[in-house]
Structures are given as structure tokens and as C-alpha cells.
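Supplied in C-alpha cells, the structure appears directly below.
Think of it as A, B, C, D, E and F in the order they're written, each chain with its own count starting at 1.
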Amino acid sequence: MEKLLTLWTGSGLFNIEPGQLVMIGIGLLLLYLAIRKGFEPLLLVPIGFGGILANIPEAGLALSAAENAIHFGKPEVLAALAGALDVAYDASQAVTPEVIETFKHAFKEASTAEVAMANGLAQDFGYGNGMLYNFYQVIIGSTVGPLIIFMGVGAMTDFGPLLANPKTMLLGAAAQFGIFGTVLGAALLDWGGILDFTILEAAAVGIIGGADGPTSIYVSSVLAPHLLGAIAVSAYAYMAMVPMIQPPIMKALTTEEERKIKMSQLRPVSRKEKIIFPLVVLIAVVLFLPDAAPLLGMFCFGNLMRECGVVERLSDTAQNALINIVTIFLGLSVGSKLMAEKFLDPQTLGILMLGIVAFGVGTAAGVLMAKLMNLMSKEKINPLIGSAGVSAVPMAARVSNKVGLEANPQNFLLMHAMGPNVAGVIGSAVAAGVMIKLLS
Amino acid sequence: MEKLLTLWTGSGLFNIEPGQLVMIGIGLLLLYLAIRKGFEPLLLVPIGFGGILANIPEAGLALSAAENAIHFGKPEVLAALAGALDVAYDASQAVTPEVIETFKHAFKEASTAEVAMANGLAQDFGYGNGMLYNFYQVIIGSTVGPLIIFMGVGAMTDFGPLLANPKTMLLGAAAQFGIFGTVLGAALLDWGGILDFTILEAAAVGIIGGADGPTSIYVSSVLAPHLLGAIAVSAYAYMAMVPMIQPPIMKALTTEEERKIKMSQLRPVSRKEKIIFPLVVLIAVVLFLPDAAPLLGMFCFGNLMRECGVVERLSDTAQNALINIVTIFLGLSVGSKLMAEKFLDPQTLGILMLGIVAFGVGTAAGVLMAKLMNLMSKEKINPLIGSAGVSAVPMAARVSNKVGLEANPQNFLLMHAMGPNVAGVIGSAVAAGVMIKLLS
Amino acid sequence: MEKLLTLWTGSGLFNIEPGQLVMIGIGLLLLYLAIRKGFEPLLLVPIGFGGILANIPEAGLALSAAENAIHFGKPEVLAALAGALDVAYDASQAVTPEVIETFKHAFKEASTAEVAMANGLAQDFGYGNGMLYNFYQVIIGSTVGPLIIFMGVGAMTDFGPLLANPKTMLLGAAAQFGIFGTVLGAALLDWGGILDFTILEAAAVGIIGGADGPTSIYVSSVLAPHLLGAIAVSAYAYMAMVPMIQPPIMKALTTEEERKIKMSQLRPVSRKEKIIFPLVVLIAVVLFLPDAAPLLGMFCFGNLMRECGVVERLSDTAQNALINIVTIFLGLSVGSKLMAEKFLDPQTLGILMLGIVAFGVGTAAGVLMAKLMNLMSKEKINPLIGSAGVSAVPMAARVSNKVGLEANPQNFLLMHAMGPNVAGVIGSAVAAGVMIKLLS
Amino acid sequence: MNELMSQAVDLMIVGMGFVFAFLLILVFATGLMSRLILRFAPEPATPAKTPRAKPKAPASVDPDTAEAIKKAIAQYRARHRK
Amino acid sequence: MNELMSQAVDLMIVGMGFVFAFLLILVFATGLMSRLILRFAPEPATPAKTPRAKPKAPASVDPDTAEAIKKAIAQYRARHRK
Amino acid sequence: MNELMSQAVDLMIVGMGFVFAFLLILVFATGLMSRLILRFAPEPATPAKTPRAKPKAPASVDPDTAEAIKKAIAQYRARHRK
């Protein structure tokens, strides 16, 4: 009977908190959006599922061994942890919620060495790191996951359209206004007393405007890991909603005439140009922004493997087995950051609001930049391809094409929009490097 | 000449112990069974080979750096380790076998922090972790290996037959009697003074009755890691022998009439049901047994990836590249637990004996449950599908089909047996969760 | 403005050192050789690219967290590290280049525990391990990378030709003279006062003569990690140059008559022989050279998976997804050892010189051994297949075939040369085991 | 009966009870789910066993074609995977 | 305007400036590279979009053949990957 | 001759000796194995080079078929790997 009691008091039904229920609902909603609505399913299926797993009561899948030990709060365990975490507690004291809170706080503030010691002690008492906690540490904590995804994206990217018309890179630069504009937006919310943000948090939120999943995860893992869940969900959700977000903005900022502009066919690009281009980007990184080296280095490496033609088996693996494996665990790891106590916070609402602003601002900036370039250049470009500069490859380029076809059924903008589209990836990575350089 | 002597005194021929010879023989036997007899080759080839590697004299492939340092027993190294492991020893003392034994024992009992310190010191003296030791720590010690396999199994599992006839799940429940009956059997052996088991060891041995490889490895790595080798070998070997173990029991417990029962064709199952089912299982885990969350969570995640239809590239990777990679290292890691001094123990013989009992009891329980259900329900089920409840997917279902065809050449039970077969996987994982909850 | 200054003083252009420029040039050269000249592209593309990444100024991609912290040299950080690394320094002292040098030196000499503590402290101050440093630790520092590659090579190796004519194994033995001859060469350079080598360094350099990439990386990571970059580059570059290095030596040491010797067709080899052969090799390792167990164990395991016919999905993964993934990170990790301050050293020049000597000596020894065997045996072998004993699979065997065809257009030596070719792999691994046994 | 025995008996009772309870709940939950789906979101049904993961060998490919294709695949793979 | 605001404004100015500068340099460097290649190492050009990574479905395979091949591939995979 | 020289000479003698000894033993062990298998467990022989791992391109597939198949494979992969 005592054992039955153990099972019952350890069950989810007995322990579940309202926040966890809400988060499980949010996880199911993400799965619904991914599966039925096709919202970036490759990431949102693992993220949504991971989010549910992270909120299973008592399972502690997203917690470290020490956090699990603190949660269960046995006096002798806490007494052992007290030494490692420099908390005043001995085993004869009652374990009140305040004591638990003190330990949790001390663990959050602990140094690397203290964390290691506390986790070791907790393991000696039979507690283990949660599965999702381990995934997060290995894949995101080490920053290796987003970088491998970026390598795979590089191996899938064709820079041909960009090389045929390099000046469209400026559209990819302009769209990064979405990033910095959002930082400003977060600062405004803070100024207005509506939400609190530090500059690190504001910058991490801003990266949503980069419209690039791995970059968002990388930057937020460096600048504000506690917001990673909300930022990644926001980034992927809005990327999926690009076909809804962008067209009204694009139409509002352009005339029917402009939307009908027909662009001349792109010149063919030689294999040599494609091979050397990633090296040119790399050299630019070497000379001007070493802090973008991990992201852009891996991206260029992936692209070089793709184009050089002599390592097809590596390129194939980078585009398939490797990126798929990492995607599974990256998604689950992001899900681990959807724990109720971290996610259900006014900041999350702010992040979701700012995210859509970010996409809108980036879209507008891209379109306006294209119009500005038309003022200064003879060879006109269709301003609709400016919106593709936000990245969200290849969705944003497809949106440009679709809106273009509405204005002129003979006008295929897809290839022209691919240039700013991939330039937007580079631009976001550069912006990420600048923010990491200046803030961390 | 001195160098020749070093080579000779360091050679296997000079150092090999009888136990190691026996274990190499057992490794070769496992390879023979796997390659010639087709005994679960995907696991038993790596396990057998790993077992040979683990028993190479002086190579220490399955030992940690500190254990290797202790094995070679240089006084100055032992003196350094003495501090970390809290052993009374200084470099001037003679290195007797007892001293070595004391160090080995101290290392086994050491805390996480002491182990880390001792391994660090040993590395400073030039000793390294053995290859298999590293594999074990990363793949099994972290529990990640069995979980990834389980995800892959989930991605390969079709719940269609189960959904068409959900009440066959009860057969999968009944067959878990094999697990708990074996725990009782181990307790009986202990009571009779024949072998010694703790309750943790008895439970770990019982899991063999789950007839599921990754579950067995997961549970024994948590409850009794020192028995993992024997348990995994026993589990996989008997799974391969299901076509020999089950039929006599099935025939003994059923009449010719019963074996001829023809079951109506299964109703078609919609895609939506298949997509939602893993989520239903997950919610049940959330509510009732959080301790089964890692195993069943990954299983359901794999199945959701398979069925949702929008992440086929992830599902494909989970079923192929990823599960294959993990299988290779999981097998070698299990092999690392086939070291002579750990495996050649009366307990191992007991585990092998109890293992076959486990399969027999599970089979019988499944068949009897089917007969019981026939007493209470109008729609008869063929009791031969009850035996498939032990899991051993898909072997046990095929056995049901084959024995059924012997009784009635027109009676195809395969699809009907797949229901209890996959239910058995869920049932074992639930049993695993209960045991971990109550004992660890 | 202050922020612009931060960007400028942190840029590569501001910080680049001549050595880094040279190394980036060398990285580009390696890429050129790999892509345009086809020099072992699977390894040299990642190595070359990794070499460029490692030399990006200020990015510290190949440095640990503590090394990065030391590089930036903030007084309060150095003061914290001073305790962990046992350096006399307090935060009020000026940070002179000598102080930085002292810290660097102390870190290099630090024990495992001190390194862990220093890295932990650096992380608390916001510094992180460089991406390439992490790759190196996981893939090469743990020795797992070369071993997985070796497993994959085993899974791709067909021992048929060797089994049909086992005595050609002696050619693979003779060619290892290239290894030990190079060790002697390094000792001579040291004796002559031209370069300094320790015996560990000399042995690591010698392994280039094994003409086998993973073996070279494995041995140098064990014996002399600081030379790994130069050794690996040298090994792969000369392997690619085998068609240029070998023919003149082969022709100089053989008469026209000898080169025309026609060898009888190889007997068919049964599947059983192929299955049992890797186990025979394994047993020989067990009995005679446990120190070769990691390398040859994984090699034989790969080959057994290939030949046993019951684990094709594992064999397929070992030959494709797994080896490709590891190759990518192994290459980048080797590249991390191409940092200017480590690579631009007279020793590197010596290593490049000795490398070509190694290949020449190995080639000559193989050819001469074949001639010696012809003196003692009735059944003549074409001495041109002796050169294939250096390994460099399958390039060296193709060279034997090509030179043979020049002498006699009807004489196809390819299959005959495959025997010594794969024997050379075993021979090098044995030599590696001997050197590790005697020296480490 | 020593302590281990009583622990094992306890474990069996609680364990089997729980396994049955859990799967019984699942039987009902699954049945409910299926009924809800059939009522509120019916769809054209598929056969109980979707052959997606391990497709069976079809009978309709004649051996010659199969052989030719197999070789072509080998050729393709040899060329593309090195 | 509080400190966060001024930091954000600073970040925007410096950040956007740098992003534009970096991509402008890249525009020129790319153009220069292309011209150098076209002058010193011209080659027979390929179309702007190489379809290597994601080959499109060609129209020329009739559905029956495609079906037969698909089955054969499934057969092959079933046999070889098991 | 300094110490390093004598160490290197030592290493060469012991090393080459051991490599030869090891491979000689292997020559005999392999020969013995082959004879034992041929005597006690003979089997229908296969050619010395099994083409399993890297199958050669066969001559018997005409280019048109090969092309059609290649496209079909591409189609298949595009559909199934996304």
C-alpha cells in the first residue's frame, strides 16, 4: 500500500501545476501548427514535443541532477549541496518552499566549478541529469548544434543568383533593420515601463528579425539563454507566417507600376565563381568581423563542400544525415527551454509581439531599400524582391514571386529574389557577430 | 633486448588469464550464434566483438584511466591516487596484490568527484580511458543510447493493428507477468541460499522478461550496471530463441479448437488516429507515470515523426543512419561489460536461467489472458496471439502466425498478433518506469 | 564612436600577424591542391578550411576558454586564473607580454585538474572554448575519431586478394621500414644539430611513412600532439603524391625483365575465409600486441561487419554516414593544429622533408623485399607490387598496375598489388602499436 | 519469507496492477479517440498496415527489369557516393 | 531617454552601419572576383541555378516506368538496408 | 652517436623485427585457416573480388534506361527526402 502511495504521490495527476498544463497545451498547439498548418515542421515538431516532455511533472527531464535533487528536497541531500552552493542550511532545518527557492537561486548564480560539484553530489545521491538537459548542454550549450545546422544550410545554398547580380546583397543588408529596430522596440517597452529588458535580452530578442533559425538559437544561447525558448519559437513561427505577414506590407509600400517591373534574365555563373565566393566571404570575415567567424565560417565551409565538386559524399552527409540528426536534438533541446516557470512570463508575450514587428520592419526596410536603389541606378529592380532580404529561405523569395505574379502573370521573380534571400542569411550572421562583439 | 622484454612482458600471451580466455571464447560463440544462426545479429555482432576487445589482456579497453593506472600499479602513481581515493598508501610501500585490490575497491566506492579527480591524475601520468570505457560512458552511462534506439523503434512501429483492436493491449499487459515473475524467481533463488541478489539486482534481472533490448539495457544501467552485460546478452539471446521457446508453451496451454479460431479482418485505421495515438500515450505518461517519460517519451516522439507525414527526412534518419550509428556503439559498450572478473560469476548463470523462465512465464501469461478475455467477451480472439504480448517485435508475432498456420492453413494471425506485440513494448516500458520509481 | 572603436580594434585587419597571414595562405594552398589537383580532397578540404579558421585573428577558434581569456589579458581575469594555474600575479600588476607568456606557459604545463579549473573560471568570466578546440577535444583528444575512420576503412576493405596469396603480406611488412627509417632520419637531423627532436617526436614523424591517414593522426595525437598538424598534412599530401614519388624509385630498383613478370591469376576466396580472417587478425593482436588493440580492433570490427553478411545496415552506415560525419570534424580538428605559432617552426620544414624520405624508403623496401622473396621462392612475384606495401590504399596499388602496364601492356597487377596494399595498413597499425608500447 | 521475497511480492502486485491499470486506461482512451475522430473528423480510410517504412516487394516487376534497375542503382550510387 | 534606449540607438547605428559596410565590401569583392575569373580563367558557363542538390522531377519518365522503378527501389532497399 | 640515435636504432630493430614476426605469424595463421576451411567446410567459391561494396557499372544497361532510372531515382529522392 505504501508503494501504491509512492506511485500516486509521484504521479503527474497528483503533482501537475497549472503552468505545466498550459505549457503542455502550448506544446500541443505547436504540434498542431506544424502538422496541420505546415509551420516549419522540421523544427516545430521536435520543439513542441520537447516542450511537452519538459513540462511532465516530477520527471525533471529538462533539469540538471542538482536541480532535480533540490526539487525533491530531502534534508540530507540539501545539506550536502549547501556546501557546494554556499547556502546556509543544515539537515536539521525544515525544508520550506523558501529554502528550496534559496537553493534554486544559488544554483542559478553558481560558478562553473560549483555547478559541476553540485551535480556530482546530486549524482552520488542517485539523481541524474534529465534527458533534455543533457541534449541542451551537448547541442546548444556547446554552441555546436546551430553551427552544424548552419554548415548544412550552407551546403544546401546556391549562391548563383546572388553572384549573377551582387548588388542585390544590399537588400539583404537593409532587411537587417528588422533586427536593430526590434532592439529599439524592446528598449521602448522597457522605457515605457511595460516590460523589463536588459540590453543583452533586447539584442537576443532582436535577432528574431534575422528570420533565421540557427542564428536566432546561436545568438540567444550566447546572450540570453533563459529567453531561448521564446525566441526560437517566435522565430520559427513567424518564419512560417511570412506568406501572411509580408504581402500587405509589400503592397502598401509599392505602386502597381513598381510591382510590374520586369527584371532581365540573370547571367550564367561559372563554377569557379561559385567555388571562390565562400572563400571571399570567409576572407571578409577574417579581416572585418572575427566574431562572426563560427557562424559564417561553418556556413562558408558547407557551401565550399557543396560547390568544390570533389567531396560530394561529405556534402551529401552535411545536407542529409548530419543535419537531420542535429535537427532532432536541437528541436528537443529548444523544447527543454519551454518550462512553465521560465516561459510563462510577461517577457514571452513581449517577445512574441516584438517578433512580428521585427519581421514587418525588416520587410519594409528591404522594399524601401530597393526603391532607393532604383532612384540611384538606371537598371531598375523590382522592389518586391527587397522583402526577400529578411532571409526565411526560401519562403520569402517565394512570396516575392507570388506577389509579383499577381501584378504581372508573366513576371517570374523567384530567381531574382533568391539573391537578397541568401544575402539576408549573411547579413543576419554579420549582425549577430556585431552584437556578440559589442555586448558579450 | 630490454625493449624486446618490454614487448614480451606486455604481450597477451604472457599476461592472459584463464578467465579472459573463457570470455574470448564466449565472445566468439556470440559471433557464431549471430552470424551462422542469425541470433539478433545487429546487436550480438557488436556485443560479441566488444566482449573480445574488453578481455584483451593489458589493453584495458573497458577500464577508466584510473583503473588502468591501478592495474599497472607503479608506486608513484598509486601514491598520487591514494590522496584522491582516500586510501592509506605511500610510494615507499610494496605494491602487493592486496594493495591493488584495495585501490580497485576504493575506486568502485568513490564519489563522482573522487572518480573525476582520480581519472584526471591518472591522465597526468599518461594513462587514458579505454576506448570501450569511453563508449560506455557516452552511450549507456548517459542513458542516451537506449533512448535513441527506442526513438528509432518508435519510428519503425506501425500502431495500425493495435488501433484497429485496442483491447489486445491487455495481452501486452499480461505478458509483463514475465518481468515480475522473474523478480520473484530471483528472490526465491536468494531465499533458497542458491544465489545472492539485492532487490535492485532482482528487478534488473526481471526486465529480461520484457523481451525488449533497449528497455533491458536502460533499466539495468540505472538499477544494476554491473549486471548489464549478462542481462543484455541474456535478453538478446532469448529474443532470438523465441521461435524455440514459445511454441511448446503455446501448444500446451491451448486446445486444437482454440488455435483454429479465426479472427475477423482488422478495420482500416485513419491517418489521424495514427498521428494522435502517440500523443494519447504521452498524455497518459504525463498523468500517471512520469518515471516512464524518457523511454516512452522518445518512443512516442519517434512514432509521431513517422506518422505525422511532415518530417519524413527526420523519420528516415531516425530509422536508418542514427539508429545504426547508435547500435554499433551500444553493442560495443554492452560488450565492455563482458569483462571476465565481472561476467564469470555464479550470478550470470542465475541470470541466464532466470531469463528463459522470464520468457516462458510471459508467454504463458499472455496466452492465458487471451483465454480469460474469451470467457468474458463475445468476440473471440485466438489465444495464440497472446504470446506475442512479450514484445520481441516482430519475432513473437511471426511465431503466433506460424503456430496458427499449423492449426489452420487458412488462418493468418500476423496482423492480429502485431497489436499485442507492440503493446508489449509499451507494457515493458511502463513496468520499467514502475520499477525505477519504486526502487531507485 | 566608442563602439566603432571596439569593432575596429577587434577586427582582423587591426590585429592580424604575419604568421597568421602565412598560415591563411597555406590553408588556401591546401584547398587549391585538394580542389584543383585532387590531392586527397576528403581530408584536405576540411583541413585547409580548418587551418584558415584557426588563424582568424582574435576569434580564438582553436583555443580553450582559458587560452582565450589569457589572450585578452584583463587583469581581474588573469588574477583569477593565477590561482588555478599557480602563477604569481595579482590584478594590480601591469599586463606585459611577458606576463601573458608566463600564463600561456603555465597553462601548457598544467595538470588535467588545473586545466579544468582554469577553463571553468574563464567561462565564468564569459570566455568560451573555441569551436575548433571543442571539435579537437571530442574527435581527436578522445582518440575516437581516427578509430571510427579506421572502422569505416575496415568496412570498405576487401581482403580477398590478400587471402588468395597471403605471403604478399611480407611486402606490407617490409614497407614499414619507411616508418622506422624516418625515425632514424629524424634522429640524424637531431644529431647533426640541424633540428631538435625528442624520441617521441621522432616516432610521431616516422608514422608518416605508414602512409595511412588515421594511423598518423592517432599516433601523433598520442605521442606528440603539438606536431599533429604538420604530420597529418604531410601524410595526406604525400599520399596524394604517390603517383609522382613512387614510379622513379620502382623503376630504378627493378630491371625491365622483372617488371614484365606475369603473375598467375588469384584463386577464388570463400566467404568463410573472409569472415574468419578479421578474427584471426584480432586473435593475433590479443596474443602479441595489445597496444595495437584500439586501431586493429576497430579495423577488424569494420571488416567483420562487412563480410559477415548479417549486419549490412551497420556496415553501410560505417562506410557512409558515420565515416563522412567523422571525416568532416576530423579534418576541421586537424586544421585547428595549423595555428601559426605552432606550425611555423623549423620542425615543420623538417617534417615535410622527412615525410618524402619516408615514402621513398618504404617504397624501396617493399620492392627490394619482393626481389628477396623471388630469390628464395620458385613462384615469382612481380617486384612492382612491393611498392604497394606502403598502404596509401588504393593509390599505391594503382601505381603498381600502371608501371606494370608500361612494361607489359598485357600485365594487370592491380589485384595482386591489393594484397600488399591492405597488408600495409595492418603493418602500419602494428608498427604504431609497437611505438606506443615502447615509448608512451 | 525473507525481506527480499516480500519486496518482490510487493513489487509484483503493485507493478502488475499498475501495468494493467495503465493499459486499460489506454484501451479506453484509444477507443474514445477513435470514436471522436470518426465522428468529428472522418477521413478516407487507409488500410490497417501502411507499407511506408518497409515496402514489400511487388510482384509486378519482371526479374530482368529488376536486375537492370538494380545495376543502374549500383551505378548511380557508385558514381555519386564515391 | 534611459540608458537602455541610448544603448539600443547606439547598437542600431553601429550595427546597421557595419552590416552595410560589410555587404558593400562584399559586393565589390564579388564583382572583382567575377571579373578576374572571367578575364583570366574563363570556362564554359553553367546556368545560374544548378539543380544538383534537389533535382526536379523530369517529365520524360512515363508513370508506369516510374512506378516500376519505385517499386524496384523499395525492393532493393528492403533487401539491402533491412 | 647520441642517445636519441641509439634509441632510434633500437626502435628500428625491435620495431621492424616485431612487424615482420607479426605478419609472418599472420601469413601462417591465414594459410592454416584457409586450409582448415577448405578441408572441413568447403563452399562454392566466389571470385577473389566481391563487388559488394563498390559495384562496377555494368555494360548491359543501355544509356536511355540508365538515364530514365537516374531521373526516377532523383524523383524518388526528391519526394522522399524532401
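Operating definition for what follows: a contact is a pair of C-beta atoms (placed from the backbone, for glycine too) under 8 Å apart; a residue touches a chain by one contact, two chains touch by 3 or more.
By chain, with names taken from UniProt: A, B, C = Oxaloacetate decarboxylase beta chain; D, E, F = Probable oxaloacetate decarboxylase gamma chain.
It should be emphasised that the depicted structure is a prediction, and the values quoted were computed from it without experimental measurement.
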Interface with more contacting C-beta pairs, comparing C-F to C-E: C-F
Greatest separation from chain A - chain, by CA centre: F
Classification of the chain A:chain C interface as same or different, half of numbers criterion: different
Most remote chain, CA-based centroid, reference being chain E: B
For chain A paired with chain E, centre-to-centre distance based on mean C-alpha positions, whole Å: 20
Cα-centroid distance, chain D relative to chain F, in whole angstrom: 37
Residues of chain B touching at least two other chains: 3, 7, 283, 288-289, 313, 316, 320-321, 434, 438
Junction residues of chain D, two or more chains touched: 11, 14, 18, 54, 69, 73, 81
Partner chain B, residues of chain C touching it in the complex: 111-113, 116, 142-144, 147, 275, 279, 282-283, 285-291, 293-294, 297-298, 301, 304-305, 308-311, 313-314, 316-318, 321-322, 434, 437-438, 440
Touching residues (chain side chain D, partner chain A) in the complex: 10-11, 14, 17-18, 80-82
Interfacial residue positions of chain A with respect to chain D in the complex: 3-4, 7, 312-313, 316
Chain E residues within the chain A interface of the complex: 1-2, 4-5, 7-9, 11-12, 14-16, 18-27, 29-31, 33-34, 37-38, 41-43, 45-50, 52-53
Residue numbers on chain C that touch chain F, as the complex places them: 155-156, 158, 160-164, 166-167, 169-170, 172-174, 176-177, 179-181, 183-184, 186-188, 190-191, 197-199, 202-203, 266-274, 276-277, 280-281, 283-284, 288-289, 306, 319, 415, 423, 426-427, 430-431, 434-435, 438-439
